[in-house]
């Protein structure tokens, strides 16, 4: 890719990291955690998915430890949220949902690309893209002693899965990486937004419960 | 080993993966998770132990990501269980327990062998065999926000530990791998089945509770 | 370092492992776990922080699996605690807190040094020292389906973080490793003990709760 595309990608990546860190910090505050807990959940939510992916594809130490800017941004976002949670709490839900869908799309696509670049087979690359997108939120929920939200409700992980699958398929069909990423990210974003708008949810097998 | 033994082993390995995936899916359904949650718990229960082992022995990316047939089988078993849970729920408990004991024995022995083949010291190889057998169920329980069952009740992990220890000892004594595996697997299966039949449980220190 | 320093360090490392294993076993007994659960929590509490660090810095298999003496000591300490929990329960709280602060300091400093020796950047080395100190207790709490104590209360992880930061800064300023370790360990121990004595706690944002 050209230098300009690279910079756009880097800026987007950093923006996604900051956004997920803010969401982790808000979850920590709602859970009554102290300042250290807020910092840990900011880090885990923003970078946990990428760390898991890097461990799984054999790329340790993960990017989040090699490049100090990622943890620094996650911690800065966590501290800022701790200090200004009253302000963050007033961001309209619709805006937050839209930004989150954009971050999810970006992480899913970036994770898929990294896995494919390391010769992970296509089927597993799709899993790695999905984990990059939703792994941070899953770690956050586990640390809050809750069943991860993505396992229970909403079309969220499914959107990440779709984006990763579309990107992988496009790459396999010979589409240039930048367009494959656009197609995958677009598919993830569109499915997520439509499912929020239409209140879609995945099926459960209610008869078995209780 | 000869080609025939290899094929028997592969078939057994795949059968164990499918069985554990079905058990993970049933646990997810009982926990009220949606279709994505069912797929994740199928994958985690069936392949989580092997993934943990591979990360710990430095064999990333793990087999479950290198060979697409393992995740494909786990997901297929999860989807089939989601669709046909009424049928799966009618499998007699005794049959399920017996199959599960067989799967546990197989995973414990296979995990021990893989660790020994990578020059992990004997003591740690026994741990790796145990983790291969019970790691998936432990991840499943953590994702369901429950204290892992193996830490609380039953002679289950202990059976995997015995099997791994018997196999490691036999290999150290110069027994051929296939017979060492048979001895280890047999010890695990026998201890598990007898403990279910006789209602054995590990001691707890009740005086400390409450 | 000279041979004598090495031996002092090894003895201290082993003492820290035993102490953390005892604490893990006591938590398991309070949680009503059986003998296997006690052994797992002894192992996880004593060695989980180091295992996490080694996976993250790309040093798999972790030391705890390469050197059989570490798991052997953790399991021996767990078994001894299971058998003699009445005695262990009578150790004065103040003594236990002091020993624990010493163990925390030691683990934080040792983890930082290992990360720096593997050319992990300074910012991440501080994180690795902190994880080495508190990762085991975090895993223990997650396995007990509890929100990790370090995220909720007390100046505990913050002390490990301070110790790791002091050590890293000292090394960067050219201080000899043994003095940097003393400074870092001393800072961690002092902050932890003073915070217990003065009932310090990190701020939370109470207004957001409930």
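The letters A, B and C name the chains in turn, as written, and every chain counts its residues from 1.
The definition used in the following text is that contacts are C-beta pairs under 8 Å (C-beta built on N, C-alpha and C of every residue); 3 or more make two chains touch, one makes a residue touch a chain.
Chains and their UniProt names: A, B, C = Putative membrane protein YeiH.
Remember, predicted model here, so these are calculated numbers, not experimental data.
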Quick check for you: after a Cα superposition of chain B on chain C, what is the rotation angle, between 0 and 180°, in steps of 5? 120
For the copies chain A and chain B, give the interface type as same if over half of its residue numbers appear on both sides, and as different if under half do. different
How far is the middle of chain A from the middle of chain B, if each middle is the mean of its Cα atoms, in Å? 30
Within chain B, the set of residues that touch 2 or more other chains is 55, 60, 142, 145
Within their complex, state which residues of chain B touch chain A. 28-37, 40-41, 51, 55, 60-62, 65-68, 71-72, 82, 85-86, 89, 142-145
Of all residues in chain C, those that touch chain A in their complex: 55-58, 60, 120-124, 127-128, 138, 142, 145-148, 150-153, 157-158, 161, 201-209
